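As written, the chains take the letters A, B and C, and residue 1 is the first residue of each chain.
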Amino acid sequence: MMYDWLYSLTGSEILAMFIVSLLPLFVFILPFALFAVLMERKVSAHMQDRLGPMRTGYHGILQTIADIFKLLQKEDLVPTATDKMLFNLAPLLAFIGSYAAFAVIPFSGFFIGTKIDLGIIFIVGVTGLVVAGILMAGWASNNKYSLLGAMRAAAQIISYEIPTLLIILTIIMLTGTLSLYDLSEMQTAYFWNWLILGGPAVGLQKILLIPFMILGCLIIYTSTLAEVNRTPFDIPEAESELVSGYHTEYSGMKFAMFFLAEYANMFAVSAVVAVLFFGGYQSPFGYLGNLLGWKWLIPIEQFSWFTSKGLFFVFVQMWLRWTLPRFRVDQLMAFCWKYLIPFSFVILLLVGLISLM
Amino acid sequence: MRTYFLNFWQGLYTILIGMKVTFRHLFIPAVTIQYPSVKPQMPERERNRLYVNMDDCIGCDQCARACPVNCIEIETVKSIPGEDLGTTSNGKKKALWVTTFNIDFAKCCYCQLCVFPCPTECIYMTDVYEFSEFQRENLVFDFVTLLPEERIQKKKNFEELQAKKEAEKIAAAKKLAEEKAAAQAKPIEPKPDNPGNPDNKEETK
Amino acid sequence: MALKTEEMVLNMGPQHPSTHGVLRLELQIDGEIIIDVVPHIGYLHRCFEKHAEAMTYPQVIPYTDRMDYLASMYNEFGYALAMERLMKIEVPERVEYIRVIMGELQRIASHLVALGTYGADIGAFTPFLFCFRDRERILHLFEITCGARLLYNYIWIGGLSHDLHPDFIRLTKEFIKDFRPNVKELNELLSYNRIFIERTANVGLLPLETAINYGVTGPNLRASGMKWDLRKDDPYSVYHKFDYDIPIGKGEKGKTGDCWDRYYVRVLEMEESLKIIEQAIEQIPDGDVTSAIPKRVKPPEGQIYTRVENPRGELGYFIISDGSINPARVKVRAPSFVTMQVFPELCKGFMIADVVAILGSVDIVLGEIDR
């Protein structure tokens, strides 16, 4: 929709495409990444009975800008014995893998990057680039501990993609569509239609689906938490464990890229969970624009609902980080393979059976 | 099989309890204060930087001896008679000029052992705790109120007095030795049969 | 055909966020499993015992503070007790009661540091700050009494340097009232958390026989199942007048003597210390705290060994005096030093990530090990 409007505005396909792909990035994600760093510090501080950054700006609002300046002016150290091309390419891959996913996420009914039919699979495929970036970072650092850390991170991310995909398969089976835009449109009008509460099905089918949907939401939330390397699954970036993480040898802007990629990834997976289960950009009660008759208000309302849902899930991710201790590596793998995957398979089977009813 | 599901349920349940605790703490006001703009109140017995009130110091060296790290350096000079150094606040008359009283705060361990033996309570701990310096030498505090020339003067006075006393002692000792020698010596009389005595006129005839 | 693996030597260097102080651990590992651990100590050696021979007896007390800097009151307590037994000084009862109150408050503060840093090593950052918030209140109590927060120079030979502040008892009662719910909160957040239990249960097992053979004392021994506490088995000062319990490890979440037991014994000990403080505040008599302090400390010739129950174990002082104002020899038996002996036994067969968990659970302080 955005694309059509821009095409009608500019008349050139390329220009419209260009602006449409850049818009989510600049309008939303970069400010979000800036905001998220500050939010993490403030949330963690208030949970720990302290204040967090207070001196830069009013109550520390300009803290991230100060951080960006600091990272920009740092010396860019490249160790001599590394593979230069891989070393320089790795943060770029991680960054691209996280940010490219935003091309298909529906921010509102009007503002989507592109409306391709492959929605979710595109996101899963592109975030696989992050694994390649991490492995390259670990290998090119020429540091045996970074390599070990990178291999663990890669093993973790790949294992936890399986429950994610299985739950996504469940949703696809239930609704019959891959496109995130269609999924959001399907959960319209009232929160009773949200997929976590059974979706647009009716009658007994809907009631039976609810416990499996709730369990599925928990499973996908946990496994995507592991994909973005957040506590309790943050072995790759933990400082108090023995091996240092895959981004030890990076400094300055390259480190900032890993950092920003992590926060963008966090929002991307929260957005996916919100779209899959919680109605995407749909409001739970109906629109103010419909009530007042102002049609142009609706996309703005949808955008604000989507942002608040995404931010809420990001907040829960931060909340979990500051509450829970860390898993040990073998326990992490055991948790995935012995608990999450069997449950996901069972949910897939049972939801499939129920949807045949 | 049962432990399998029990593990899962327990895991979920304890995580939720932990999250409840942390969520509750979001709304508890912070216990920290914003330091340089707001300073905490120091209790009255606080042990921070030392201060010496030189008007009361009698130079007894008790504090230097009590210090476990030897950070107090005291040098005193006896006063010459006739000089009035004044009295301390509890009425004692001072008899020594204190020419050096250095405390090296880089060495001081803030243990308060020097405060207790002082008879006039002139050394005590204040509430100053922000006194960092860029150079280590600036942390050696000199508490003496005499000017450098005065210190040299007092020392010279004392040395002169010493020298005078020494000289007097040597002079007195020499005089005593002379008197003793004089008292022991007999008067010498010319002998009549002493040849060559010019007074002896009978011989040269 | 079997895969040939070879051992690797990994160094957890002196600077590491998880070793509690400057400790170097040399790990010999086979893949991920540990075969041997060799601890290298001495990075914090400050020649305490040699210094003590050059100081007079009261001047040694600031030095004893700095050995186990997280439990300074107990270091001074042990030394003062040893000297009083050597010189046969009778201290007033008020002094004994105040020493017990200060010692138990110090025990709570030391255990709070141990628990908080243990949680931080495992990955839970929030309990660390909660523990330190409570510890700040205890340090404030110490601050109004003697003026310092960490290294006190408060317990002197023959008495104390200051009497209690007039506000002390009121503030302590408020602290006790606020602290009990905080312990419950800490349990909810950390002790019973399933992930924490997975990390610490059945890890670093210390069987009772091994512990007794190596001479381990304190909470580490009690967690292996033995009810041995010097406050009850070899009482000193006025500990025999109070009613309290000795918590031991029962193997609730795994085998007896694992890391969870060592952690939980410390949590329970904090509660017992609160009981002792409450009873002491009720029973404290009046008196003069400085009346028995001798003008010059010149003990008769002889030697003495005294032991007290540090928050980490049995702290022993062996003092040889030759009749002059300087000691001839002061030897300290530090509990953490003995615990480092048994540390390689604890780590054999576990993984690298467990080394951090085990090191945090035995609660060592490098100042005590190296002196």
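One rule holds for everything that comes next: contacts are C-beta pairs under 8 Å (C-beta built on N, C-alpha and C of every residue); 3 or more make two chains touch, one makes a residue touch a chain.
Please read these numbers as outputs of a predicted model, since none were measured by experiment.
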Middle chain, criterion being Cα centroid separation: C
Pair joined by the larger number of C-beta contacts - A-B, B-C: B-C
Between subunit C and subunit A, distance of the C-alpha-averaged centres to the nearest whole Å: 46
Centre-to-centre distance between subunit B and subunit A (centres being mean Cα positions), rounded to whole Å: 68
Intercentroid distance (Cα basis), subunit C paired with subunit B, Å: 37
Residues of subunit B touching at least two other chains: 15, 18, 21-22, 25, 31
Numbers and ranges of subunit A residues touching at least 2 other chains: 47-50, 322-324
Sites on subunit C at which at least two other chains make contact: 126, 133, 189-190, 193, 195
Complex contact set, residues of subunit B against subunit A: 8, 15, 18-19, 21-23, 25-26, 28-32, 34
Partner subunit B, residues of subunit C touching it in the complex: 55, 58-63, 126, 133, 136, 143-148, 151, 153, 161-162, 165, 185, 188-190, 192-195
Contact footprint of subunit C on subunit A as seen in their complex: 44, 47-50, 231-232, 234, 238-243, 322-331
Residue numbers on subunit C that touch subunit A, as the complex places them: 10, 12, 17-18, 119-126, 129-130, 133, 189-190, 193, 195-196, 198-199, 351-356
Complex contacts: residues of subunit A adjacent to subunit B: 43, 45-51, 54, 319-320, 322-324, 339
